[in-house]
Amino acid sequence: MEDVKKIMHVMRRAPHGSIYTYEGLEMILIMAAYEQDLSVAFIGDGIYALKKDQDTEGIGIKGFAKTFMALDGYDVEKLYVDEESLEERGLTEEDLLVDVEVLTSGEIGRLMNEQDVIVPH
Amino acid sequence: MEDVKKIMHVMRRAPHGSIYTYEGLEMILIMAAYEQDLSVAFIGDGIYALKKDQDTEGIGIKGFAKTFMALDGYDVEKLYVDEESLEERGLTEEDLLVDVEVLTSGEIGRLMNEQDVIVPH
Amino acid sequence: MNIGILLKEGPYNHQASDTAYKFAEAAIKKGHKVDAVFLYNDGVTNVTKHMDPPQDDRDIARRWNELGKEHGVEVLACIAASKRRGINDDVIIDGAEITGLGTLTDIAIRNDRLVTFGD
Amino acid sequence: MNIGILLKEGPYNHQASDTAYKFAEAAIKKGHKVDAVFLYNDGVTNVTKHMDPPQDDRDIARRWNELGKEHGVEVLACIAASKRRGINDDVIIDGAEITGLGTLTDIAIRNDRLVTFGD
Amino acid sequence: MLHTINRSPFENNAMETCIRFLQPGDPLLFIEDGVYAVQGGNRFSDLLESTLKTNPVYVLQPDLAARGISAVVEGVERIGYDGFVDLVEDHQVNSWL
Amino acid sequence: MLHTINRSPFENNAMETCIRFLQPGDPLLFIEDGVYAVQGGNRFSDLLESTLKTNPVYVLQPDLAARGISAVVEGVERIGYDGFVDLVEDHQVNSWL
């Protein structure tokens, strides 16, 4: 499987204040069709993208939180969330929309080092 | 002098990494012709704009630090620098290109409250 | 109350443009006059006429155009900032205008408030 | 070594475009192949042909164009990001091309490195 | 003077800097990604609570809802875009971008 | 894995976050506004010095010069764009934007 690359997308921005997370998600959905070894790491404010109960109607911007729930259907199953980022924000796994793997920063750092490509969003 | 407004420009970004400080300076130079009561406050990374010895040749971007020295000629003489921002960065007044008034955050905060308009850059 | 708005970021990439629009809309609804929206820095890209967002998304350029037409809000882009970013009369929407920073100074002087949105 | 570059910010407003260019230039000088510069997010505005900076400033669109012509670097803008921001074939420089994110995936797969510049 | 903050305090120093320059009694309004500051039980709750003793603190409700935040620190008042306009009617504006 | 940081540590949390994920031995490169981190005698000198014990730290000299910084923390190595390319030749890249 020489052609399969390990590609990690790193989400570090809050949703809605800027478009990076949303356009990042669009990129992941396209890459998912290419049968690479994809993963997504949510670090810092990036974890807010997975927060339950987002309702963007009042700000007039299209919401996209539910699209993260569709990633499973595209075989993007490796979703990693940084434990310290959750704690610092007073959040727990229960606050998140999708099933994720909560890891320490050391564990995520080691996974980063296995990647062929890291795409920051 | 009903028509004279107190307008403060607030510089909070480092130079070169983004254009905000440079385009802010362009705005100040134009406004200076309108005989309003202008001042410029340098806060946080904004003080780096006044750092001596900037040489932008290597990054291929036009430098503009010296334009701050010309503000005096446009009668823009109220340049305030936040003391804590200097200290936190290990800088002193000696490191700055132009004569400024170093003030505490409380003093700058009170000056802000006297303004008719505050323009952040 | 007479209000000027300074918008420093482009459309979609940052929420600034959306918040500025919602604020202007609310001010008008309350009977205030929104005199002008002045576009600076990347903000000048708010009025490019070729903008073509997905059908279920807001059309930011058209929204500024309609606010201008229906409520007399001047929509102005700084000429120096525009030139750098490839914005000129050929690519901006009807109703928007490219002008100098002197106009912004006038806006700051003649209005009761100048409210800035950016990132 | 074969290198792909991902550029996520527009010209002038952030240094990302300048650093990406300087990096590409240095890589080519050292004999590496810079396969493509892929423009995403506000990065798509790097190739607008109406860009008209002050005479003593760098011309960022022309610089990307020359890098493409002289060294075979593909300069590509994401179509979805471009449409949102009013970038289409009518306003981009010769030599740049608007394409899909599948192309970026190919670039990520076929090169030894993908280096990202942004803010 | 009305102070607005639109950046997440976890990512950017705008909130901490603003509070350093804030004069007693001046209103503070959190908008856009700034609203994460007022969610209860996070790293910035103490700073916010001490600010509430001297200054009124507002948050833009549509931005809270967009981000799925319901619980906010006690004493923070939720307003809409019309409330934002009211604050601007009463005060000049200082945006900490 | 080469880690690049391009934001001022005073304004943005990129440097502190990056260091939390950094594996021993991996090189760190400061570019653009990130270079303010390596100026000696500032609030981040301690963090940088402890990082230097486990990781090589580089800074892009053209960005230092553009910002008028001459004194840097001991042990930080200055490189040009060609040195940046050399690091990329030896490592995959993780940009902390």
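Note that the chains are named A, B, C, D, E and F in the order they appear, and that numbering of residues resets to 1 at the start of each chain.
Note that contacts are C-beta pairs under 8 Å (C-beta built on N, C-alpha and C of every residue); 3 or more make two chains touch, one makes a residue touch a chain.
Predicted, not measured: the structure shown is a model, and the values here were computed from it.
Looking at subunit B and subunit D, the chains in contact with each of them are C, F. Between the contact lists of subunit A and subunit B, the overlap consists of C, D, E, F.
The chain with its Cα centre farthest from the Cα centre of subunit D is E.
The greater number of contacting C-beta pairs, out of the two interfaces E-F and A-E, is seen for A-E.
When each chain is reduced to the average of its Cα atoms, C sits farthest from subunit F. One finds 24 Å separating the Cα centroids of subunit C and subunit E. Distance between chain centres (mean CA atoms), subunit B to subunit F: 27 Å. Contacts with at least two other chains are made by residues 8, 12-13, 15, 19, 22, 41, 54, 57, 80, 114, 116, 118-119 of subunit D. Contact of a single residue of subunit F with at least two other chains is seen at positions 6-7, 10-11, 13, 32-33, 62, 80, 92-93, 95, 97.
Multi-chain contact residues, meaning those touching two or more other chains, occur in subunit B at positions 12, 16-19, 44, 59, 61, 117-118, 120.
Each chain pair that touches appears in this list: A-C, A-D, A-E, A-F, B-C, B-D, B-E, B-F, C-D, C-E, D-F, E-F.
Contacts from subunit B toward subunit E in the complex involve residues 10, 12, 43-44, 84, 105-106, 108-110, 112-113, 115-118, 120.
Partner subunit A is touched in their complex by these residues of subunit F: 1, 13, 17, 20-23, 26, 92-97. Those residues of subunit E lying in contact with subunit F across their complex are 10-13. Interface of subunit A with subunit D (complex): residues 3, 5, 7, 19-20, 23, 26-27, 30-31, 33-34, 36, 117-120.
Those residues of subunit C whose C-beta lies close enough to touch subunit E in the complex are 1, 3, 8, 15-16, 19, 22-23, 25-27, 29-30, 32, 113-119.
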